[in-house]
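Here it is, the structure in full.
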Amino acid sequence: MIKVALIGATGYTGRELIRRLLRHREVEIRHLSAITEKEEPISSIFPSLSSNLILRSTMRVEEVAECEVVFLCLPHKVSMEYVPSLLDFGNRVIDLSADFRLKDPSVYEEWYGERHAAFILLKESVYGLPELYRREIKEANLIANPGCYPTSCLLGLAPLIKNRLIDLTSIVIDAKSGVSGAGRNPSLPTHFPEANEGCKAYSLFTHRHIPEIEQELSGIAGERVAVTFVPHLVPMDCGMLSTIYLRLQKETDLIGLYKDFYNGEPFIRIMNEPPVTKDTTGTNLCLIHPKSEGKRAVILSAIDNLIKGASGQAVQNMNIMFSFPETEGLL
Amino acid sequence: MIKVALIGATGYTGRELIRRLLRHREVEIRHLSAITEKEEPISSIFPSLSSNLILRSTMRVEEVAECEVVFLCLPHKVSMEYVPSLLDFGNRVIDLSADFRLKDPSVYEEWYGERHAAFILLKESVYGLPELYRREIKEANLIANPGCYPTSCLLGLAPLIKNRLIDLTSIVIDAKSGVSGAGRNPSLPTHFPEANEGCKAYSLFTHRHIPEIEQELSGIAGERVAVTFVPHLVPMDCGMLSTIYLRLQKETDLIGLYKDFYNGEPFIRIMNEPPVTKDTTGTNLCLIHPKSEGKRAVILSAIDNLIKGASGQAVQNMNIMFSFPETEGLL
Amino acid sequence: MIKVALIGATGYTGRELIRRLLRHREVEIRHLSAITEKEEPISSIFPSLSSNLILRSTMRVEEVAECEVVFLCLPHKVSMEYVPSLLDFGNRVIDLSADFRLKDPSVYEEWYGERHAAFILLKESVYGLPELYRREIKEANLIANPGCYPTSCLLGLAPLIKNRLIDLTSIVIDAKSGVSGAGRNPSLPTHFPEANEGCKAYSLFTHRHIPEIEQELSGIAGERVAVTFVPHLVPMDCGMLSTIYLRLQKETDLIGLYKDFYNGEPFIRIMNEPPVTKDTTGTNLCLIHPKSEGKRAVILSAIDNLIKGASGQAVQNMNIMFSFPETEGLL
Amino acid sequence: MIKVALIGATGYTGRELIRRLLRHREVEIRHLSAITEKEEPISSIFPSLSSNLILRSTMRVEEVAECEVVFLCLPHKVSMEYVPSLLDFGNRVIDLSADFRLKDPSVYEEWYGERHAAFILLKESVYGLPELYRREIKEANLIANPGCYPTSCLLGLAPLIKNRLIDLTSIVIDAKSGVSGAGRNPSLPTHFPEANEGCKAYSLFTHRHIPEIEQELSGIAGERVAVTFVPHLVPMDCGMLSTIYLRLQKETDLIGLYKDFYNGEPFIRIMNEPPVTKDTTGTNLCLIHPKSEGKRAVILSAIDNLIKGASGQAVQNMNIMFSFPETEGLL
């Protein structure tokens, strides 16, 4: 049994993280906080959570100090203010923001418009995608929990790139996300009568997950990889589908290749048919369907953006770090 | 061909009103305005509208002065600031706000928390429900266009009350509305991931449409009528269903009664089965299904809250005022 | 650790039941079956379930015989063919159909149009609503798991009726359900482009949950209670809201009364504000908000129709029967 | 004023076609038919249509003979049985099925699995995309009304291909459609609780609109063009977004190019921002946003699949054929 803290508990990733931690047999939530007006039970904010834990309106050092691990569900740029001192306390940290995902501080500055406040830690942080970095995660003190789009794209592409089977200049990713991906702050585009019954692309050539995807693909490939990536908003709460287009170097049995590559992975399932994002809802699953015709291939990779794309993957990382069964809290 | 003006053009009722006016053969839109940052074509704000009419950022007196009729799609309390001077210009006015619906200024003050700024006009204004007040509408200079909930409730109840067939103390109205009824301003309850996939009641015993419903029912009955009214939010863009429960004085052939009462009405259809709100979407129809078992009765009344519940009814009122065919612009 | 069987595993209640049984620490699923063309892993039918359990195409007696409890997710009229022999095997049975809910076989025949095939067992069966019958459930061999509408209505009304606080002739229930309540068989009314973006009432005065609600309310009241009940379909997957209208005998502090009545209940939460059904999604919670003005009262009772309204309640019943912690598998 | 007939009136394209014909000032609907059990007013089938026209259960030759034009909203393979005799009667025909879109009967046979029953007419039929073939449409006796996916793709690609600006081997089309595109027949994948809140790809490399898109692109290019095309189902009633990826031969001002190309087109609007499909709902508009970065380009093309993608375009074709104002009935 370990004690955990969660800072930034009033967004959707916070809510889903708490839900899974409450189900977890090896964990006690010791501290919950967020910037709020008053301290009240978390069930007052999220009635679906059966817990009377009090949400603190500021971080309580004495509570956090007792914890083996701290989850940060904070906005980008805020996280990096917290991480150094938490590590100094001796906490291990799982950060769900983007702040420690990009290894190169100049890339961070380019895409986030600001100098990184703790760039020295970028070397130390481990990119928390268990299917690729399980060993490093086990030892890590600072996990950069991957973005939702990168999770679905990287899991969809890794087997082909590791095996050097594709033309690396040919990758086009058309990604679709449920609206919860936009967070919990109201805005006109996410106002129900605007977002419902409509579908649109956004952030053409400018989405901040692009450098994250390219960094990780380049790492796998051992050479610089660039992608064309266009995200779309789809009128559903959650769910994410990445449709990945590419050219194979040669005709390949993709289903067999993917099944081998992900053999034994508890959360990856290779499908014989195109997956529906709905089959991932509330689960930590990534459903992948690779299909080719000649040298043209399409890879479909579906996750729940809030779970495998955020909070579930954070719990999976914790399970690895503390040698708990990897599916604990995630069924 | 008449000239019309529309003030408050950037909400959902404004948009749907413009759409119908563009389809109307007897009307030219001379003036559109709203409080906005810049003047631009209305199609830049609402790309679904095929019109390059410029949206003015303030009312232009010289444009409005040319108009035979002015539609006000303004918030409550703002409308009553505009109406007196528009009437002075000689415009006829169709006001879609609640400001001129309640005949008793003290009731207005009680429910809207503010003294009425033009209460002298309350006597003059005509409640714009054509099925009940067609003759008065024809002559009116100021139309108080009914609220969406009142429209569906009054059309559902009028035949029974006019014919003195029900126990007036027994009326319970459970009303369901699409989210567009909450307007176009973003808020947490109408944020897509909050409003989608959920249903809830709101404003128990306190909704501002209660005095409007009670005023009109009392007028029909010739005595004071009170109702229990609970509105609900349903995860759909538009559509409104009022399920009305009551006790009959005696067993009655309701379908026959309703068909007689609404005989010849172009927008009322008496259904043999429970209507789906979807069958009213985009139309000015009110679909009514009355059903009884012994002396217990349930009346189902469905409209599109934005059309028969607002903008379509406004056009219907204009058609009556100017002796245009009543369905013009509304098919 | 007990062994359980589930017969009728390919509907939505079967799916949600399996999901909760897989999370349950004290249970092993020994047998799954349904009438299907081929035997395959349950994850092939429901990819969201992380289990390779084989779905049998017919009941295997030798597997079921090993089980301490059998869940039946079968259609009405089919269940009653299975129950007698399962009880003879020594299984305890939790039946999610309506077959053993009505105590009076003539009422069953009236509403289901068929003579009951095992009416002798109606006396023995226990109505599985834990908040009212926890003691009887503990000892029962045959649980009639309540319907979804009755669950939400009974939990909303029990405190008032037990305390004899209401006019029993005044009860009107306007209930709203997500579309999963209609089951998994496609039909025109549940075809997406028909059901989406629409709301409608159905089964006026004829819904089969009426006698179930009236039987149980009459039992609580100690006298015959009749209700007006109208169910509605709302465009969402799951969720159920019952809006209950009634007259109080006297003005009462409803919130206090309800909090006392349900004190200690793990799945009932008395809310200070109207609940959103969404806050029950995936949970076994019933969120209740009672509100009165003078002697008029409105009780709002929200559940997930598939969970507290079916599969979650079935697990709760099992937990009680086998003295497991009542929330096990249900967080 | 012309007389028109509509055969196959009980699907979604039939419904939307009738709605627009009822609004049309130059048209009288003389005949409606479909294979149905009984003859009844069309408003009994589609209550949203304000018309008492009787739906015939079989085609009435004497009614059709009076018509200047016949619309066929029939399934593929059924249409081609009707067309020859209708043309013999002297009717002009607008066929909304796929039967007369493919010019090469062997391609038809390959993709539709059957020999074409009237292949002699393939030469005569005109592909009814007004923005490309307005002149031919004016004179045509047989219009093959384009498919929804081809409409959005061709309008998105035509300016670039006509101007020979792109690498013709680079085209990838990721298309998203609302569920009404699947027609009005219920099925498990379109059952509300299955289709709602989910997104999926389907028909990888095998969708029947592929040869139609390739035929037309090849025609514009003057050489064989092949595309990668993957359609997706999105949980909304209607709306279609094609996201088209390609490589430019050289950097180009796309917005300027597109505005020139479609100058004067009443239904094409070139957007400065990514369009939302919702802004096309119920309209005959195609909203296009082209964007490039260097030589990589993304073209977004949005329509309502039932309107510009089917029934609205059919009316537009009729307007051209009979020299009516092109927007008549379509505002």
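In this document, chain identifiers A, B, C and D correspond to the written order of the chains, with residue numbering beginning at 1 in each.
Keep in mind that, in the parts below, a contact is a pair of C-beta atoms (placed from the backbone, for glycine too) under 8 Å apart; a residue touches a chain by one contact, two chains touch by 3 or more.
Remember, it's a predicted structure, so these values are computed and weren't measured experimentally.
Looking at which of B-D and B-C shares more C-beta pairs in contact, the answer is the pair B-C. Most remote chain with respect to chain C, judged by CA-atom centres, is D. Distance from the chain C centre to the chain D centre is 46 Å, each centre being the mean of its Cα atoms. With centres defined as mean CA coordinates, chain D is found 36 Å away from chain B. For the pair chain B and chain C, the distance between mean C-alpha positions equals 40 Å. Among the residues of chain C, those in touch with two or more other chains are 178, 194, 196-197, 235-238, 275-276, 278-279, 281. Chain C makes touch with chain D in their complex at residues 12, 178-180, 184-188, 190-197, 235-238.
Of all residues in chain C, only 19, 22-23, 25, 43, 46-48, 50, 197, 266, 269, 271, 275-276, 278-283, 285, 287, 327, 331 touch chain A in the complex they form.
Residues of chain D touching chain A in their complex: 172, 174, 176, 178, 194, 196-202, 204-205, 228, 230, 232, 234-239, 241, 243, 245, 274-279, 281, 291, 293, 296, 298, 300, 302.
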